[in-house]
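So the structure is just underneath, and the comments pick up after that.
Chains here go by letter, A, B, C and D, matching the order in which they are written, and residues are numbered from 1 within each.
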Amino acid sequence: MASQRLRIATIGQGFMGKAHSNAFRQVKHFFDIPYELELAVLCGRDKPSLNRMAARWDWEDVSTDWRETVARPDIDIVDIAAPNNLHAPIAIAAAKAGKIVWCEKPLAVSPEESRQMVEAARHVRTMTWFNYRRVPAIAFARELVKQDMIGIPYHYRATYLQEWGSDPTRPANWKTDPAQAGSGVLGDLMTHSIDTAMYLNGPIAEVQALQRTFAANRHVDDATLALVRFENGSVGSFEATRYATGAKNRNAFELHGANGAIRFNLEDLNRLEFVDATEARNLQGPRNILVTGPDHPYWTNYWKPAHIIGYEHTFISAVADFLLAMALDEPFQPDFEDAHRVQLVVDAIARAAASGGRVAVDRA
Amino acid sequence: MASQRLRIATIGQGFMGKAHSNAFRQVKHFFDIPYELELAVLCGRDKPSLNRMAARWDWEDVSTDWRETVARPDIDIVDIAAPNNLHAPIAIAAAKAGKIVWCEKPLAVSPEESRQMVEAARHVRTMTWFNYRRVPAIAFARELVKQDMIGIPYHYRATYLQEWGSDPTRPANWKTDPAQAGSGVLGDLMTHSIDTAMYLNGPIAEVQALQRTFAANRHVDDATLALVRFENGSVGSFEATRYATGAKNRNAFELHGANGAIRFNLEDLNRLEFVDATEARNLQGPRNILVTGPDHPYWTNYWKPAHIIGYEHTFISAVADFLLAMALDEPFQPDFEDAHRVQLVVDAIARAAASGGRVAVDRA
Amino acid sequence: MASQRLRIATIGQGFMGKAHSNAFRQVKHFFDIPYELELAVLCGRDKPSLNRMAARWDWEDVSTDWRETVARPDIDIVDIAAPNNLHAPIAIAAAKAGKIVWCEKPLAVSPEESRQMVEAARHVRTMTWFNYRRVPAIAFARELVKQDMIGIPYHYRATYLQEWGSDPTRPANWKTDPAQAGSGVLGDLMTHSIDTAMYLNGPIAEVQALQRTFAANRHVDDATLALVRFENGSVGSFEATRYATGAKNRNAFELHGANGAIRFNLEDLNRLEFVDATEARNLQGPRNILVTGPDHPYWTNYWKPAHIIGYEHTFISAVADFLLAMALDEPFQPDFEDAHRVQLVVDAIARAAASGGRVAVDRA
Amino acid sequence: MASQRLRIATIGQGFMGKAHSNAFRQVKHFFDIPYELELAVLCGRDKPSLNRMAARWDWEDVSTDWRETVARPDIDIVDIAAPNNLHAPIAIAAAKAGKIVWCEKPLAVSPEESRQMVEAARHVRTMTWFNYRRVPAIAFARELVKQDMIGIPYHYRATYLQEWGSDPTRPANWKTDPAQAGSGVLGDLMTHSIDTAMYLNGPIAEVQALQRTFAANRHVDDATLALVRFENGSVGSFEATRYATGAKNRNAFELHGANGAIRFNLEDLNRLEFVDATEARNLQGPRNILVTGPDHPYWTNYWKPAHIIGYEHTFISAVADFLLAMALDEPFQPDFEDAHRVQLVVDAIARAAASGGRVAVDRA
C-alpha cells in the first residue's frame, strides 16, 4: 500500500486534544489506511502542560501561537479542538492556507460564522468531529433506516443528559463562559443530538424551544428543550441539560416508524435496541443487540464479538473513514456543510426560545 | 367496624366498566373499609352485552338510560365510565341529585365543562379516576418528594407512548371520534401524565406545544408534545402518542432534583428507579427498587414482597382510599378540582399547539 | 352454559389460603367456566383469625378440624394449603372420600408419601398448585418450545433467590421447622424451579447437589444447589437460597437451544426474554417481550395489552384451566403425578447432597 | 521520572498478541510509568502474517523460533500468548534466562506444569494475564469487599457463556484441540471466573462438577458446571459453556453477603450492580453504578465520567500496574502463584467431573 505522509497540527490541549491524539496514534493499528499520520505540532496556551502532553503522545513540536502553526508549510491537516469562538478564525485561516481542516463541534458560535467557514473551505477537505456517527450502533442504526427497517418515521426523541451543572464545587471553565462557548448545553450537547437526528431522520423544518439557566451567576443555558418538525413529516423532541441528577453522559435517542423502532444510549454504546414491527406480533419486543459482531460496522477492525469498545474508538473510526474517503477521492461526512446545517438548527432553537414561538430553520 | 351500605351505579360498560367492577368486588378482600359496597346498576347502551357483563360481575340491575339511573333514590354513588362528552351532563345531574360522583378521566372535554362540574359538585364528595396515583411506586415517589429526597426540582420528563394508532386493521371507536372524545392522545393519555406531574412536582405555569394527526382520515391528535415551565421553577416536557412502535403502554416519567432523581414506567409498575445524589459519589447509580415491600404504600394489603401486583390494583386502592377518607371525613384526592386543574393544562396545550406560541395556564 | 355448583373446602388460612380464596372469587370474572364455585368451608387452626378471614372472603363456614371438613358430604373440592407434612394425610383422606383434590406444593415431604397420594387419588381429579405454569410468559415459553423455536436444548439454568433468611428479626415459622416443612428451600422454592424445568425441558435423569444451613440454630437447608442431566441430553443447574441479599423473589430460569433461548424472572412476570438464533445474525439479540398481548396465553381474559397482571392471576388461571379441562373431560396438568415426579427429583437432590456423589432420579 | 528501557518479546500472533501489542503501545499514553517499553520481537509460526502484524504495531523484529527469541540477551520481558501447551516450556525457559515473564491464561494444562513454572520463576517477576481483575468495576468490587460492604459472604455465582460452539460453520482451531488447549471451556473461560472468584471471595475448598461435549467429533468440554464450597463458608456455582445461544461474551458473576451484594457482566463492563442491605429497607434495590467516575479505579487515567472504555483497557491497566509495582519493588498480582492456585481448582473440577463425587482442592 502506498503510504503518503500527512502531518497534523492540533490546536487544543484539553480533553479533545487527548481524544484526537489517541485517534491519530491508534488508527493505523486497526485500519489499513494509505497514509502515514505524523503528529507534528500540538498547539495550546499553557506551555508546561503542553510540553507534558506532547511528550506523552510523542508530538514532534509544540506551539502557543495558532497563527504561526497554521501558517507552517509542513502541515497538511489543521485539527481544531480550541474553544468554540476560535473555530472560525482558525478554520478560515487554515482553509485559506490550503490545509485539510478538522474541527470540533459545534462548528461555530453562529450560522454567520459557520457559513463563512463553509465558504472558505470550499476547496479543501473538511471534517467536523461529530464522532458519534462512528459509534457502531449508530452506524448500524443508519443502515437499518436505509434498508427501510424503520419505515415511515413518526417520532424522534433525543435527550443529552448530564448532571455536573448542579455541582457547586465544580470550577468554571470556558464551557460556561458565553464569550468563548457561544452557548451552554445547546452548542455543547444538543448539537450532537441534532447531528445524529439529521443523520438518521433528515432535515429539521421548524422548531419551538425553551431554555433555562439554573445557576445564579451563569450566563449560558443549563437546559434547552425543543420540539421539532422534520421535513419528512415526523415530529420530535430534543432535550439537553447539565442538571439531570443521576445521568452521567446519557446521550440517548429513539426513532419510531411504521416498520420498527430503534433506541440508543451512549452510556451503553455497544448496544442498540431494535423493534421489528413486521414480525409475528406475539414475538415482538425491543431486542437488545450487542452491535459488536462480524456483521456490524467497524467491528472486524477491533476485537472479537462482545469484547466491547469505548468512547475513544469513535474518533479512531472517524479518522479512518476520512482518510479512506480521501484516498478514494470520495466525499466524507460530516463535513463543514453538515455542521453548518446543524448550526442553522441551533440558531433557530435559540431564536425560538427567545421569542416563544415557532421558528422555521433557515435553508442555507 | 360499622358497615354502612353504599349502592353504586356505574355508567359505562367498556374496559373501564370492567376495571371498576373489579375494584368494587375486590376492595373488601384487601382493605378494612367501613362500608359494604353494593353493585346496584350497570348502565350502558348495548343491552345484550350489558346483561352478560352484569351477570359476570353480579350487578343487581341493568339500565340503558343514564338519566333514570342517576335519578334512582337507592343509588349512593354514581360512577362514570362513559365517553368523555357525557361526563359533564352525567356528573352534574348526579351531583345535583346529591350523589357521590366518581368520574373517569379526562374529567371533561373543556375547562368550561369541568368548571361547571366542580361547581355542581361543591357539596358532594368526588373522585376522578386518575388511578395511577395509587400505583405503589408512584405513591412512594410522592413520599420521596415530600421527604425532600429529590430536593430542588430541575427537570420533569413524561412520555405516554402507545403503538396501536398505526395499526390500520384496528377498528375506529369513540376514542378517535372528536365529538365523543374531545381530543386524541392529549385527553386520553397525556392527562394521566399531567396529573402525575402535578401530583409530584406541583402546578404548571406555562406551556408550548405541537400536535399532529398521522392517520389520513382521523380528526383527533395522534401525537401531542409539550414543553412546560412549572411554578416551582423547574422545566419539563410531555409527549403522548399512539404511533410509538414497540411501546405498548409506556406511561413513563422522570424527575431530576438537586438531591436525587426518580424514574418510572407503567409497563413495570412494581418498580421505581431512584438515584440518591447525596451519598458517596462512587456508589451513586440508579437503583431499581421493587416497590413491593412491607414499608411501601399499599403493600401489606396485598401479597408478600415481590409477589407483584398489576394494573387493576390501582383501582382497588383508589376506592379504598376514597372510602377510608370518607369514613374519617377527610379530603380525598384527586377530586374534581384536581381534575379541573389538569383540564386547564390540557386547554393551554391545545391553544399553544394551535398558536405556536407560549401560553399561560389559566388559574381557575 | 350449564352451571354446576362446586363446593370448596380450603384447609389452610395462611398466605396460600388467601391466594386461593382470591382465585375462587375471581375466576368467574375473567373466565367463562361452566361451574359455580361455592366457598363452603375454610379450615384452620386459629379460630379468631379464621373467622376474620372467612368474613373477608365470604366463606360460608369455618372449621378447625380437617378430618371433619374432608368428611362433609356437601364438599366437592378439598383444597390443601396446610403445612407440608399434612398434605399426604389430608389428600389421601379426601381422595378416599371421592373429592376432587387440590394441593399446594411441595406435594409431600417424601416420595413415599407422594406415591401414596398418587395411588389414593387415582380415581379423582387432582391439581398441584404449581401455579407458575400459568404465568402467561411461562405458558408462552412452553409454546415456543413446542413450536421448536428453541430447538435442540443444551442448557437450562434456574435460580430461586430470596433474601429473608438472613434477617435475624424474622420470626420462625413452620417453613423452618423440619418436622412440618420436610425441607427448607429445596421443597419450598426449588420445587417450583424443578416443575417449570420439567414442563419446559422434560425429565431429569441424574443430579449432583450441595446443601447448606447458614443460620446457627436452623435445621433445614438455607441453600440448595444442584447440577443436573436432563433425559434429552441437555445439562443444567438449579439454585435456591434464602440468603441472596437483594433478591426478593427472583424465580428465574433460562434455556438455551440450537434455535433460540428464553429467559424469565418472576419479579418481572409480565415479560419473557427471547433470542431467535435463526434470524440474520446482525439483528440477533435478547428481545424483551411483554407477554401481555392478544396473541399471548390468558391475556384476552384479563386487561388491555401491557396493562399488566400480577402474582395472584396465576392462581386464577390455574383454577380456570382445571375447571375447563374437567368440563371437557380432558386431563389437567400439573396433577399429583407431575408433582410426584418433582418429588422424585427432590429426593434425588437430597440424597446427592448427603452423599456428595451423582444420583439417578428414580423413575416412579 | 527516570525512564528505563524494557524490551519485550511476545510469543503469539493471534488475538491475544494483538491485545498485548495494543497495551504496550497505549500504556504510556494513559499512565505515568517509569519505563520505556520497546516492542522488540514478535514471535509466531506464520511468517507472512507475522510480518504484517509486526508492521502494523511497529515491532522491531520478528521470529518464528521461540527458543531463539527467549535466549536473546536484549530481551527483558517474555510475553507468552501461544497455545496453552507451550506456556510451560516457554515460561520455564524464559524464567531460567532471567526474564520477566508474562503469560496468558490458563497458565498451564496441568497443575504439575504450573507448579514447575512457579518453581522456575521464583526469582523473576511474573504476571498472568487474568486481565479482568483490571476491569474498573471488578477492581471496585474488590474495594467494596475489602471495606466490608458485602459482609459475611453467603453465595457466589459465576457464569461464562458464549454461543459460538454450536455454529457448525466455525472452523476448528487450537482451542478445540485437546493436545494444544488442554481443555475446552474449563481452561479457556472458567479460569477467568475462578480467578475473579478467588480475588473477591478467597480460596475454594471443595468442588463437584459435570462436563459435557455436545459436538459430535470434539474432544474438549463444551460445557463445564461446578458447585463449590469456599474456605470462608460460602457456597457457589460456576458454569461455562460455548453453547449458550444469545450470549456473546457473558462473563458474569454475583456475590451475596450479609451487608450487600454485587453483580457484574463483562458485556457491560463499565457497570457494576450493587445492593446495600444496610440502608433503609424501602430504599434498597440493585443500583446500577457506572464505574466511570473520578473516584473509581483507573478512571482518571482514561476519559471523562461515563465516556466508557472497552475490553482492551484491561490489558493496558494490567501492564501499568505491573510496571508501577516493579518500580516500587512491590508485589504484583495475579502472578504465577495465583494462576497456579487457579490451576489447582481446574484440576479438582476435572477430577470431580470424571468421578462424579466431591473433590477437595489441592493446597499446593
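Going forward, contacts are C-beta pairs under 8 Å (C-beta built on N, C-alpha and C of every residue); 3 or more make two chains touch, one makes a residue touch a chain.
Nothing here was measured: the structure is a model prediction, and the numbers come from that model.
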item	value
From chain D, the most remote chain by mean C-alpha position	B
Chain B and chain C, separation of their C-alpha mean positions in angstrom	35
Chain centre separation (chain A, chain C; CA means) in Å	54
Overlap residues in chain A, where contacts from two or more other chains coincide	284-286, 290, 293
Chain contact topology (line, ring, star, complete or other)	complete
Interfacial residue positions of chain A with respect to chain D in the complex	15, 19, 21-22, 25-26, 28-29, 56-57, 164, 248-250, 266-270, 290, 292-293, 303-313
Complex interface listing, chain C residues touching chain D	154-155, 157, 159, 161, 163, 166, 208-210, 212, 214, 223, 225-227, 229, 235-237, 239, 241, 243-247, 256-261, 275, 277, 284-286, 356-358
Chain D contact footprint on chain B (complex, rising order)	140, 274, 276, 280-290, 293-296
